[in-house]
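Look at the two complexes coming up: chain A is in both, with chain B in one and chain C in the other.
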Partner chain A sequence: MAIKFEQVNFSYPSFDGTNFSALKDINLEINEFGEFITLIGETGSGKSTLVQHMNALVRPTTGSVTIYGIKIENDTKKKGKVKLNPLRQRVGLVFQFPEYQLFEETVLKDIIFGPKNFGVSNEDAIKRAKEVIKHVGLDEEYLKRSPFNLSGGEKKRVSIAGILAMEPDILVLDEPTSGLDPKGRDDLLKLFTDIHRKLNKTVIIITHDMNTVYKYASRVLVMNDGSLVYDGKPTELFSTNNIENWNLDIPDIISITRQLEERLNIKFNSQPKTIEDLFILVKEVI
Partner chain B sequence: MKNIIIGQFIPGTSFLYKMDPRSKIIALMLLMVSTFILSSVSHILIMLGVVLVILKIGGIPVTRIARGLKPIMILLLFTFTFQIIFIKTGNLVFDTDLTLTYITLPIILLIVIFWYFTKRYTRFKFLYLLITVFGILTLLSLYNPGSIISSSHLEIYQDGLEGAFFIMIRLIIIVTLSTILTLTTKPTDLNLGLEKILKPLGIIRINAEEIAMIISIALRYIPTLLDEANKIMLAQASRGVDFSEGKFKDKIMQIISLLVPMFIISFKRSDDLANAMEARSFVPGKRRTRLHTLSWHNIDTSVIVFCVLVLASVITVRIML
Partner chain C sequence: MNIIEIKDLSFSYQDEIQALSNVNLSVKKGEWISILGHNGSGKSTLSKLIIGLLKADSGKILVDGVILNEESVHDIRRKIGIVFQNPDNQFVGVTVEDDIAFGMENLCFQQSEIIEKIKEYSKKVDMSDYLKKEPHALSGGQKQRVAIAGILAMKTDIIIFDEATSMLDPKGRASIMEYIKEIKKAGVTVITITHDMKEAVLSDRIVILKEGRVIACGETNDILNDKETLNSSNLELLLPLKLQYLLDEANISNDKVKDILWQLSLNK
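Moving on, here comes the complex of A and B:
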């Protein structure tokens, strides 16, 4: 068990003394290997706060989060004995807006910033940077450029490369594909599935795109108003009736299939995952 | 960082809240000038009394003012000490030898260590520090066995004591007066009031409206930028930056990793804001109407009259005596 949430509550203090409760009684377990998890839920439902708990950026108000055997509670930092930094190398978190973390003169320096903080030597870090920049779909030529002259999508890729270069065991991404064009989005999702398949690492992605959830995820978590309301397989999620209550959507492929079933007045014997699967099914029927 | 509240406005209903910001600013200036004109301890004590009466009628808790005085505690202490040590005129009030010996030195070190480790357990840290320092001084003057390391002479004169007291009261009055203003006036009202008061400066080509706009935008963006700073700190922390630990050299790098994105984001924000304002036809220096307008009431007139009377009597006292 890599990460374990036990009755985690988290509230932000507010000016008038009342507290805004961002997480309510979260119980959750995440495996170290082989999971491809998508985290969905409407804006403000606590998704980002939840992932910030996963590498001890914030501490729970009550309850505990155990990350690789290290228990993090509300008073953990005050005791001052627990080193939180090594955890952040093992659980790599990519923030939503890349402009929040790029600061160096060149892309290269920015990518090696993370690894060097965790004690990787300069040469090794540069070697890693040259590798990961290709993984995120940019040329090695980009390493010499200034991060501030890049487009939004390129900045995003560079910030993801900066986390990948840390070689985390678990990769957590907060809306990695927002603001990217369809091709860029598909390329990145392919990269994440590659990391998941080839290295057998757990990947956690926050997304609003139900197609991504349906196509890639092995497990889906749904947040609603600070509570974890669903934890299971995506196919089962989309056949429940709660989708609308949680302000979610149905993946395109499912609505197409349902439409076809209705129009042709037939019943397919399985729910297709991709458009190709649907072709085969339709061919069978015709 | 979320706890920082900009402006210290606390809602209330007393006459201070009913006043126009313009009259409050003018009244503040009149009273401040009066405080600076006064020159003797007894007179400034009367002034302090007046301020306390204003606090009482205005319904502002004294504890709140005391909290406002906290940041200038160090300044107060410094001026007080220097006044006492360096002014050597008037009657000699107090005279003692301070002797440091080989026996008292370790005792003092012990006291300092004891203070250092126990200070976190008391709520009145400053008072505790004062008591400790006073204790050490008493020890130095009264108890001096063993061989002497060094010896010095502490003399306190009446003028020094009075001067120190006088300056301290003066500082307290000024800080209290300005705290009253910020406690009872919303930043936006304060800004509007300033703008109206600075309007005559238009004659010498200073545009008060622009200055007011700059101030209000700056105030508006402080919480936003704090929020951004917090996000950047989290993002860098997840890349292994530890803002609380680390060597000095690393610390500098960490601060750069916070500052550069802050600058970038601020410039981008100001660019966006400028575009948004232009899109809504904002032209600097053009005459504009306002959603909230200020209105002058009888209470404003009476307060100003009162303050002018205070100033007049202070000037009279100064000239006569």
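Moving on, here comes the complex of A and C:
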């Protein structure tokens, strides 16, 4: 077990003295190896708050999060008896807004910051930077640029590169594909899949794109109003009636299949996973 | 009548990064156009030039028949609302309420009207319960909703949405699209910058940028089918059209299926 949430509640303090409860009684276990998890749920349901607990960026108000054997509770001092640095390296978190992560004067410095902080030599960190920048679809020239003078999608790519360079054991990405062009989205999802398959690492992705969930995930978590309301397989999720209640949607391939069935007044004998599968089914009936 | 005319526009950042080269584009009054293109193709740069936040190296922009320059920029900005790609760049106030009010205050709305509009528009984007909150203490999607409300409330003739729905949940996204259809009907000119083909099909015309140049510009129906252009600009073919291509390649033709797939790709 890499990460374990036990009865986690979390409230944001507010300036008017009231507290806002963003996580309600979360129980959750994340395996160290081999999971490809997508985390979904409506706007404001608590997804970003949940993943910030996974590398002890925030501490639960009540309950506990155990990360690689280290128990984080409300009174766990930020520094002091518990060293959080090793946790941060093992669980790499990419923020929803790349701007929160970029701060150095060049892209290179930004990317090598993490690895160097965790004891990688300058030379090796630079080597890693040259690798990862290519992996996120930017050429080496970008290393010299200022991270602030980039387009939105380019910033996103650099912020992902920075975490990849840390080579964490678990990769947690908060909406990594929002703002990416479709090719960039597909390339990066393929990259995360490769990391998951070849290195047998666990990857957790927050997304609003149901196609990503259906195509890539082995497990899907659904948040709704601060509660974890679903933890299971994507195929089962999309056949339940809760999709609407939770402000989700069905993947395009399912909706096209249903529409074709309805409008042609036929019934296919299976639910295709890809457009190529659907093609084979359609070919048979026309 | 063209409400926006862009002629031979070029722009580079710090004289070295050529972000736009010889862009020509006109937008008709009341039209809805989508601008698509790979990351770094120049979409946001173009939007910032249109509202005069950046100054072109060469070429010109006319808004409502008036050339954009230092004298006219103030008046022109009153006609254009823009929802920035990063909502944080739009927030200046201490509370959500202040932020929705900000644009209206700049346009010198009456105080009573501002109060009324804050209510109306925060409700439209489902953020009425958050008016007293700090904008920075919102979730990503909530920030985008507030940014959209503030711009809609200004009721400008032209509105530019720069990836304004990129972090919204499916329902939120759909409701913003419905709302854009509504304001378009009321005569507002809309420019949406997006990577989402399903959003782009709703607009009248599509413009594709690649490496700072306009490489395609036409009726949505025509662009949708232009496989080569889409491919070469990091965009995607919609799923129903992909299926149609597979059928075509296999020499299978069925008019009924073809028609259904076309309707589906248009979101109908």
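The rule is simple: the second predicted complex is superposed on the first by the 282 of 286 C-alpha atoms of A that agree within 3 Å, B and C clash if a C-alpha of one lies under 4 Å from a C-alpha of the other, contacts with A are read in each partner's own complex, and residues count from 1 in each chain.
FYI, a contact is a pair of C-beta atoms (placed from the backbone, for glycine too) under 8 Å apart; a residue touches a chain by one contact, two chains touch by 3 or more.
Here the structure is a predicted model, which means the values were calculated and not measured.
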*asked:* Contact-wise, after the overlay, does A:102 reach chain B, chain C, both or neither (first, second, both, neither)?
replied: first
*Look at A:276 in the shared chain and tell me whether it touches chain B only, chain C only, both, or neither; answer first, second, both or neither.*
second
*Of chain B and chain C, which one touches more of chain A's residues?*
C
_Going by the contact rule set out at the top, does A:148 touch chain B (first), chain C (second), both, or neither?_
first
*asked:* On the A-aligned overlay, A:234 touches which partner chain: chain B = first, chain C = second, or both, or neither?
replied: neither
*Considering only touches as defined above, state whether A:175 meets chain B (first), chain C (second), both or neither.*
second
_First (chain B), second (chain C), both or neither touched by A:12_ = both
*asked:* Is A:85 touching anything from chain B or chain C once the two structures are fitted on A? First, second, both or neither.
replied: first
*Identify the overlap between the chain B-contacting and the chain C-contacting residues of chain A.*
12, 14-15, 97, 99
*Taking the complex as given, what residues does chain C use to touch chain A?*
13-14, 17, 37-40, 43-44, 85-86, 88, 132-134, 137-142, 145, 163, 166-173, 195, 197, 234-236, 239-240, 242-243, 246-247, 250, 252, 254, 256-257, 260, 264
*Within their complex, state which residues of chain B touch chain A.*
2-3, 5, 228, 231-232, 234-242, 256-261, 264-265, 268
*asked:* So in the complex, the part of chain A that touches chain C is made up of which residues?
replied: 12, 14-16, 41-44, 47-48, 96-97, 99, 149-154, 156-157, 175, 178-185, 208, 210, 247-249, 252-253, 256, 259-260, 263-264, 275-276, 278-279, 282-283, 286
_chain B-facing residues of chain A, complex_ = 12-15, 52, 55, 57-58, 84-85, 88-89, 92-93, 95, 97, 99-104, 113-114, 117-118, 148, 162-163, 166
